[in-house]
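Every chain is named by a letter (A, B, C and D) in the order it is written, and numbering of its residues begins at 1.
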Amino acid sequence: MSGILASMIDGLLIGSVYGLAAMGLSLIWGVMDVINLTHGAVIALGMFGMYILFAAFPVNAYLLLLPVIAAGLLLGLLIYWIAVHWVIGRSQLSSLLSTFAVNMMIIGIGTAIWSTSPYNVNFTLRGITVGAYTFDGNHLAAAGAAVIIGLALELFLYRTRPGKAIRAVADNREAAELMGISSTMVLALAFAIGIALAASSGALVSTLFPFTILSGAGYQMKSFVVTVLAGLGKPLGALVAGVLLGLLEGAVTPFIAVSWIPLIEFGLFVVVLVAFPKGIFARATA
Amino acid sequence: MKRLVLAVFVLVALFVTTGFAQTLTVGFTVSNTGSMNVDSVEQLHGFELWRDQVNAAGGIKAGGKNYKIQFVSYDDESNSKRVQQLYSRLILQDKADFLFSPYSSPLTATAAIVTEQYEKVMLTTGAAEGKTYTLGNHYLFQMFTPGAEYLKGVLDMLKTKDPKAAVAFVYEDSSFSVSVVNPAKAYAQQLGFNVAFSEAYAPNTTDFSAIIDKVIASKSTVLLGGGHYADGSTLARQVYSHKVPLKMVTLLVAPDSPKWGELGDAAVGVIVPSQWEPQTAFKAQYGPSGADFAKAYAGKYNTPPSYESAGGYACGLVLQRAIEQAGGPDTAKVAAALNATDITTFYGRTKFSTAANEHGLQVGHAMVLAQWQKDKSGALVKQVVWPLAAKSANLVYPIH
Amino acid sequence: MDAVLQVEKLESGYGEVQVLWGISLEVQAGKMTTVIGANGAGKTTTLRTIMGSVPSWGGRVLMNGEDVTRMSPHAKANRGLVLVPEGRQLFPDMSVEENLEMGAYSHRARKRQKDNLERVYDTFPRLKERRKQRSSTLSGGEQQMLAMGRGLMQEPVVLMIDELSLGLAPVLAQQLFLTLKSLRKQGLTIVLVEQNVHLALALSDHTYVLAEGRVEIEGDSREVANMDEVRRAYLGL
Amino acid sequence: MILRRPVFWLILVFAALMAFVPLHANNVSMREDLILVAIAIILASNLNLMIGYTGYVNFGHIVFYGLGGYVGLYLATVRSWNLVLAALTAGLVVSLFALALGMGILRLRGAYFALATIGVLQAVQSFVANFDPWGRSTGMYVAFDAYERLGGARHALWTTYFLVIGVMALSMILSLGIKISKFGLGLFAIREDEDAALVLGVNTTVFKAIIYSVSAFLPAVAGALMFYKNGMIDPSIAFEFMLSLEGIVMLMLGGKGTVVGAALGGGLYEKLRSYLLTSPKFSNFQLVIAGGLLLLVVLFAPGGLIGWLYRLVPRARKVIE
């Protein structure tokens, strides 16, 4: 097996986790026009959520995703009512700052509890070996879980009543109210789901890499890149864009030093933004 | 009336304590948060053990007086931004008599600009990079063997085992790791090794898949590098889970931490160049023996000491001896005593360079190599494998 | 006669600008009421304030005698107060059928969702042909049909339509008015804000003429149509 | 014109006090505290030109400070330039960079621009971390002989301090000058309604690019001075995203769009952070407290401290602005 193929598969696997993280950001952004700066902190909380749960119940770590998602929903509602509800309809800067304030508070509390030392979730699945290359079992499982969660969200949004209500509010908040949809409830729900997605991606990452309370920041950055590539409010697009970003990373790393990756990634990000402000995958809307 | 009694009591108490023992303040910053957190706190534990033991023994006895030690410290957040503010504060507001360095070379270099101005002695531990001591400091004294020496022993050892090994350098792009790896690369070539691969990764990297795929493609058989705890432990885990066919893995700093054992099977066989190990039985001319230190440390913190902890303790010990030799806390005299220091403690030999272009550089201390091995009961232990004279077990090569 | 919807001395505006200065209306069950007036007279604002999309500054809105002034739009929608807003306000990223489904979101409308969907498709066969298409790809007329269809899906007690014919070809507008007429015949209560005053007066039972945020003239549509000032100002006669 | 504004004289008095109080007391600890306050004021004031005046949120403002630090340090140490010359050159180079960059990314509006600035910050950081002449990610160190040229480290650091205070005063005066100029009116028009401004004949692209470039100059100069004082620079401290965000926090805290508000927010925030950090009781919770405070301001006092003051004492607006 060639090095580049192996590298691309590794990229694809991690890319799906980027995608899952970005889905949460994209959903919140698209539905409520809020750039959620608690995103990174929540990803970190997802990591520690998994850590705590796994320490208490050493079962298959991927089963523990369910309680993490449930806790994420509750946390999302809490953050919504503390910091987001009151600034809906105000300028974007307000929600940026209010979520950033919550971000600081989460990081502060997290630092007080766990310091900034690295933690691990000691759970290992057997990998698959092809020639000289072994694909980590956890990476395979995390990628699978990310895709399943992503598809579940897509089904939820397109096949269920509350899901459709979220899309309706995203499309036209005032018209949704006229249909009898309580936009407040829907915004709270969408925010909660976005937070739960971020937390679940953090939980997945925790099975792959060691983490600190500050680790979410890097994934938040990647989420921005992915969200912009995909276009706002396109959660499945975000998943696809995440996978593509991972593939791109995998495809270029055999040829250049990894330290150049951020330059390529963020350079691309800025260029794409300027050239296609609505995202590469955005369909033209009338 | 009551107030008067109280006031008199306080005055008497003050008089008594100052009469019997004076207090010396030692200031430093600790990375309570940020990327240096683990290493820095281990170093702090070394400082604290030394302070507690000194104070329990009635303080440092010098020039007929007793000096108790008190610490003042702040969180530097592993970031040099506030280091100068905090060291100024330590010197001017907290009236620190002596200083210990923050953890890591960049923070130390930044702090030194302030401490030099006030001609304050600062002993450094986790600041191994040699460059810091060539900037023109006069009051900076390094306890660690400089970075350039870290990997030389490993290459010497490898030469005896496998002169045809293909070596990969994978290291953190930080001043410390770069200062270690660049001379090591040159030395490897000098010894005739094939340097098959070399790449630096950004500090705080967590995903090493891409680099690992490249290491595999380069057909390297030996991996040298790493940086600090977070990245080193991650690299080791991923090398293990990707089943990279390596015969030897040597990483900087991280595997020395007692926490390394938590990595389980991924920890086995990994070698670390160490400033000090409990097994290295130096005959201490001053201070406790290695075994006593390790025992006291484990008793206080429930974990064996790492070399950062040992360095921290030794830092205090060397300062203590200099104060004793100087007959008091006068900075100029203590600095002179440090310049003249050439002593072997449980930590090994300590001698500072007095040459103008590298004043304070550590020139006496030598490193050992430790390897994580499974003992008969299957438990993970760290054994000294090099130099052969100091070994506590044989090197396991290849690992698998 | 019982009024389904009563509006008493309604006042509102945007920011610091007051637009409505005490509007009072009564909407009778099973009748069609039209609101006409020049641009900027406050017709749309009246509907939006009744609905609650624009908060009222004073006055009351009563539905079947119950004060609903302070209720949010969705709560009113759930009671059957339905607004087909100006500019259609569809869900552009959703298909035609999904748009209609959203109409049946409330509990009371959901029960009859299937029947209503059939009825809407019978009324507007064009929508059935295009039911899988994204609503943003429809033509203007089709979009207005969809907006009305969506309103009908809501099981309206009162159907308020803002600017039915705006921007439509005359033939299309005529067709929609005919639809409205038949709905009225089936007993639906309708409030219509309309620029095409001829058609509005011809179709409706009762008419309010607004000017500068106040009710200027009110009366039976035929009588209003015969008033000189109305003929001069709004019918161009 | 500007001389008739009371606040202009206020700024001068404030800067003079900042310069002479620690000198008079010969208190370096106070100086080190105040230099961070001055830097905070510089960052917040210049950020205000974008966020407060033009309505464009710049998340990557710190990139100018960091790049200025690099260019300045490179010139002052590797090339042995005079410090003032090196700092001014750094400011100029970075301003030109910002002008070119602004022409590109200022086509974006609102949140998209904000995101692009994050991208720029990350891309520049990554570039510098791979750039050999600037020491890659290990950065550059200042050898003591660089201070010798300014009469030894002690002297050099005082000189640097006065220069930073000067830059701080200039930042505030620049903010004031722009605010009362015709150019400033154009910016406010963009903030209120960019499309309308276009119709009214404001060449918004040029206006935006110019103010973006102007807002880069003094932070870059300050960066050059500050990292020289710091003795070393590396990409992680030069391009700290957190500091960029903190700049926005300072601005909101004080009151965006106002000269004094930006300075007040910058100064108070820095004071608060350093108090919390060194206080034994709060050092664990400094982020929680700072975050909680910000949340309260955003939710309940969107005009910041200054806005709150103006509501309390409406006359104050006349004196201060």
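Quick note on the criterion: a residue touches a chain if its C-beta (ideal position, glycine included) is under 8 Å from a C-beta of that chain, and two chains touch if they have at least 3 such contacts.
Keep in mind it's a predicted model, so treat the numbers as computed, not measured.
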{"item": "Count of contact steps on the shortest path from subunit C to subunit D", "value": "2"}
{"item": "Common touching chains of subunit C and subunit A", "value": "none"}
{"item": "Chain occupying the most central position, where position means C-alpha average", "value": "A"}
{"item": "Label of the chain whose CA centroid is most distant from the centroid of subunit B", "value": "C"}
{"item": "Length of the line joining the C-alpha centres of subunit A and subunit B, rounded to whole Å", "value": "38"}
{"item": "Subunit B-subunit D separation of Cα centroids, rounded to whole Å", "value": "37"}
{"item": "Inter-chain centre distance, subunit B versus subunit C - centres from mean C-alpha coordinates, in Å", "value": "78"}
{"item": "For subunit A paired with subunit D, centre-to-centre distance based on mean C-alpha positions, whole Å", "value": "32"}
{"item": "Residues of subunit B engaged with two or more neighbouring chains", "value": "32, 173, 200, 202"}
{"item": "For subunit D, residues contacting two or more additional chains", "value": "129, 137"}
{"item": "Touching two or more other chains - residues of subunit C", "value": "none"}
{"item": "Which chain pairs touch, all of them", "value": "A-B, A-C, A-D, B-D"}
{"item": "Subunit B-touching residues of subunit A, taken from the complex the two chains share", "value": "3, 6-7, 10-11, 14, 111, 115-118, 120, 122, 124, 127, 129, 132-134, 136-139, 208-212, 214-215, 218, 249-250, 253-254, 257-259, 262"}
{"item": "Residues on subunit B engaged by subunit D in the complex (per definition of touch)", "value": "32, 74-75, 77, 79-82, 84-86, 88-89, 91-93, 106, 109-110, 112-114, 116-118, 131-132, 134-137, 173-175, 178-179, 200, 202-203"}
{"item": "Footprint of subunit B on subunit D - complex, ascending", "value": "27-29, 31-33, 35-36, 129, 136-139, 141-145, 147, 153-154, 157, 229-232, 234, 236-237, 240, 243, 274, 277-278, 283"}
{"item": "In the complex, subunit A residues that touch subunit D", "value": "35, 82-83, 86-87, 90, 92-94, 96-98, 100-105, 107-109, 111-112, 217, 221, 224-225, 228, 257, 259-263, 265-267, 269-270, 273-274, 277"}
{"item": "Of all residues in subunit A, those that touch subunit C in their complex", "value": "161, 164-165, 167-168, 170-172, 174-183, 285-286"}
